[in-house]
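Across the two complexes that follow, chain A remains constant while its partner is chain B and subsequently chain C.
And then the complex of A and B:
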């Protein structure tokens, strides 16, 4: 049973990562910096619980805050450029963060061992859960509480005025600007919220794996972050969850019997999925069809 | 000080390969307004295919390997176009971004599979030649890299500005609809652009292999990042920009490798990029009407 709980933990953390990119994608911006915010949250929360002895919940809060502050700071210069330039700028930022942690040493002696991040070797001994005797199931529920809160908040955003503004900017910047929407404020705020979600997800990730290192936050992770919402479709937060389950459960675990060939199939399946469904697995049409199927079409 | 200048010089010569990769990104961007994230991986893939000739003809000359890499680069470029662009509507930029990222992962994995993840030695020419110019020395293999890259750029510029094909390509890049109305087959021009950038990529990959002395799948992601940085610093869509920025990034990177060590050098390349984004967001040679 622990195996399934472990998988649910992975799905939860990756959903947070995907959702952090989702809200930025709603404004039509593609950010490959999410792995960077994820890393900052992970290191910040990990250092607070391990080195400063904080409880996990405030540490996660600080991790999320650190992600948000960095995202806000990155957002201002990066959003001066648009579209594909932003992809490159954020990609470079994410790699920059990774290289920073590759060179980051902050060790303190605790008894006869030293603990803390150590450059290329990474940051071991993030043992909050085992030290406090949490079972795998409890950790899973703890993670999913955050996932559900974030999903509900984003769901609510989507139905609020703010969500409409985000999508308006994503659909047509010029039209949005002409009705008096402040583009910079909208983009930087969505980037900041995305950074907070990624930081929170990073904090949770650091604690359930107990060991993080720079390579856990490489370009592949940044790609995954945007791949989930794009593959899942941007019409609904559930699309991201669906894509995470498709990738992590079906592709990564379900195809394990294929061995090394699984990795080959992975890239090919992304290419195939985008050829067949360029607007994502769960696009607006599919969503409407599902609603009709369950007879719950509320005329939306 | 002398060592430092020597490092800058070496870096600039090696930067010619970054310039070639940057040109590939920028050309596809100029014509289709899309980024082909799989480009650097396809280039390395082309260089690997060059090694196949050694399987058929043991002891083939390095020049033959380069030629084979050149040709297979073009073929891979066409395949990438078919798989990632041809069938996806142009109106969904996210879909092509994602499909090329998928392609990047796929090419990477094919290489890992075919070589069992080991680095393969790459043949080099002139690697025993050392030219002396006063206090400085120039490595023969780096000079070759530089020379071949300059030759490729010259051929490309000739192709773009002196032939009908180049005229059509530039027409599509400026006004795809108007170009189509003039009877230019836009999909064909797009496909040809991919083949040309693929050929360039194959030669760039072979040059990288020759000057590093080995090829490894680990090269693809850093090369993608460097190529994209070169594209931005040079100004998206600008070929002269990509050339100058490639040399600049190469020199800058090697200078900081001497000053701060190999683990930190890329950090400073990123900082260079951010300096450009803040102070000159359109790049060195910004197209008229602002960047982006």
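And then the complex of A and C:
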């Protein structure tokens, strides 16, 4: 059973990672910086529980805050450029963060061992959960509480005027500023919210794996972050969750029996999924069908 | 209300707009006509700030607009429509108007949170009125991309109105419309004037320009070649030669 709980933990954290890219993607910005915010949240929260002895909940709050502050600071200069240039700029930031943690030593002695981040060795023994005797199931529920809160908040954003403004900017920046929308404010705010979500997810990630290192936050992770909302579709937050399940449960775990063939098939299946459902797994039509199924079709 | 003083915009060697002087008075409807490529849309883009003038000044109510970003100009009361329709296609008709509510009045009326994160209940009436005006009330939940061409044009005008403009720049609003639709558009423009909106109308469709404007300025190769009442412009030999051509003679 623990295997499934572990699976659910991975799905939960990756959903947060995907949602952090989802809200940025709504404004039409492709950011490869999400792994960087994820790393900052992970190290910040991990250091607070391990070195400062904080409880996990406030540590996660600080992790999210650190992600948000960095995202806001990165957003101002980075969002002046668009399209491919933004991809490169955010990629550079993400790699910069990874290299920083590759060289980051901050160890203190505790008894006869030293603890804390140790450069390329990584940051071991983030043992808040085992020390406090949490079972895998409890950890899973804990993670999912945050996932559900974030999904509800984003769901609410999507239905509010703010959500409509984000999508308006994503569709046509010239038209958006011509109706008085401040592009910088909208883009930086979405980046900041995305940073907070990634930071929170990073904090959770650090604690369930108990060991993080620079390579846990490489370009592949950044690519996954942006791939989830794209594969899942941008009509709604559930698309991202669906894509995480598709990738992590079906492709990564479900096809494990294929051995080395899995990696080959992995790419092919993503391409196939995008071809069959170009607007994402959960596009507007699929949503309409689901609504009808539950008799909630409000009619046009 | 709006005054262009020797405003120029050059793209490389092309003088899209060249030393243009133009005045639009309070509650006036001024037409801006000219052949394709004569600089009409560029003039609209200069006033709304999509790019800065190469030289010259643009004054709005006596204030120099240089350096005022596009979204702030809207706060001053300048709104526009686009020649090539630029709606938010994947938002509904209703949402297209909702996101445009960025006037100072709208900003002041409600707090930050209700304004951005609140539901749609508080603004239903106001947007409903705009939808009535544009004749789109029955389509409010349709995606903008799914509207017919004429409906999209009307929605663009309604979206500009949702920003509570004092000066409205209409960039070829009648392009592609049939005679009946042009007639309706004419009614709407006159109604707007009744509400005290000043209008700069860039248009090719002569029956519309001649029918609603107080004054017309004619551009050719970026320069103003004539200005006057519709009747005077129709009779002007320079304009005939440059623009109206043989068919109007």
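Going forward, the second predicted complex is superposed on the first by the 297 of 300 C-alpha atoms of A that agree within 3 Å, B and C clash if a C-alpha of one lies under 4 Å from a C-alpha of the other, contacts with A are read in each partner's own complex, and residues count from 1 in each chain.
Heads up, the rule we're going with is that a contact is a pair of C-beta atoms (placed from the backbone, for glycine too) under 8 Å apart; a residue touches a chain by one contact, two chains touch by 3 or more.
Computed from a predicted model, the values in this text were never measured in an experiment.
Judged by the touch definition given at the top, the superposed model places A:181 against chain C, while chain B stays out of reach. In the superposition on chain A, contact of A:58 is made with neither chain B nor chain C. Judged by the touch definition given at the top, the superposed model places A:254 against neither chain B nor chain C.
Of the two partners chain B and chain C, more residues of chain A are touched by B.
In the superposition on chain A, A:130 contacts neither chain B nor chain C. Across the two superposed structures, the residue set of chain A contacted by chain B and also by chain C is empty. Residues 48, 50, 69-71, 74-75, 79-80, 82, 86-91, 95-96, 98-103, 115-120, 141-142, 159-160, 162-163 of chain C are the ones that touch chain A when the two sit in their complex. For chain B in complex with chain A, the touching residues are 29, 33-35, 83-84, 87-89, 92-99, 101-110, 112-113, 221, 224-225, 228-229, 231-232, 236, 263-264, 266-267, 270-271, 273-274, 277-278, 281, 291-292.
In the complex of the two chains, the chain A residues touching chain B come out as 25, 30, 77-78, 80-85, 87-89, 91-93, 95-96, 99-100, 102-103, 120, 218-220, 223, 226-227, 230-231, 260, 263-264, 266-271, 273-275, 278-279. Every residue of chain A that touches chain C in the complex is listed here, in rising order: 156-157, 159-162, 164-165, 167-168, 171-172, 174-183, 298, 300.
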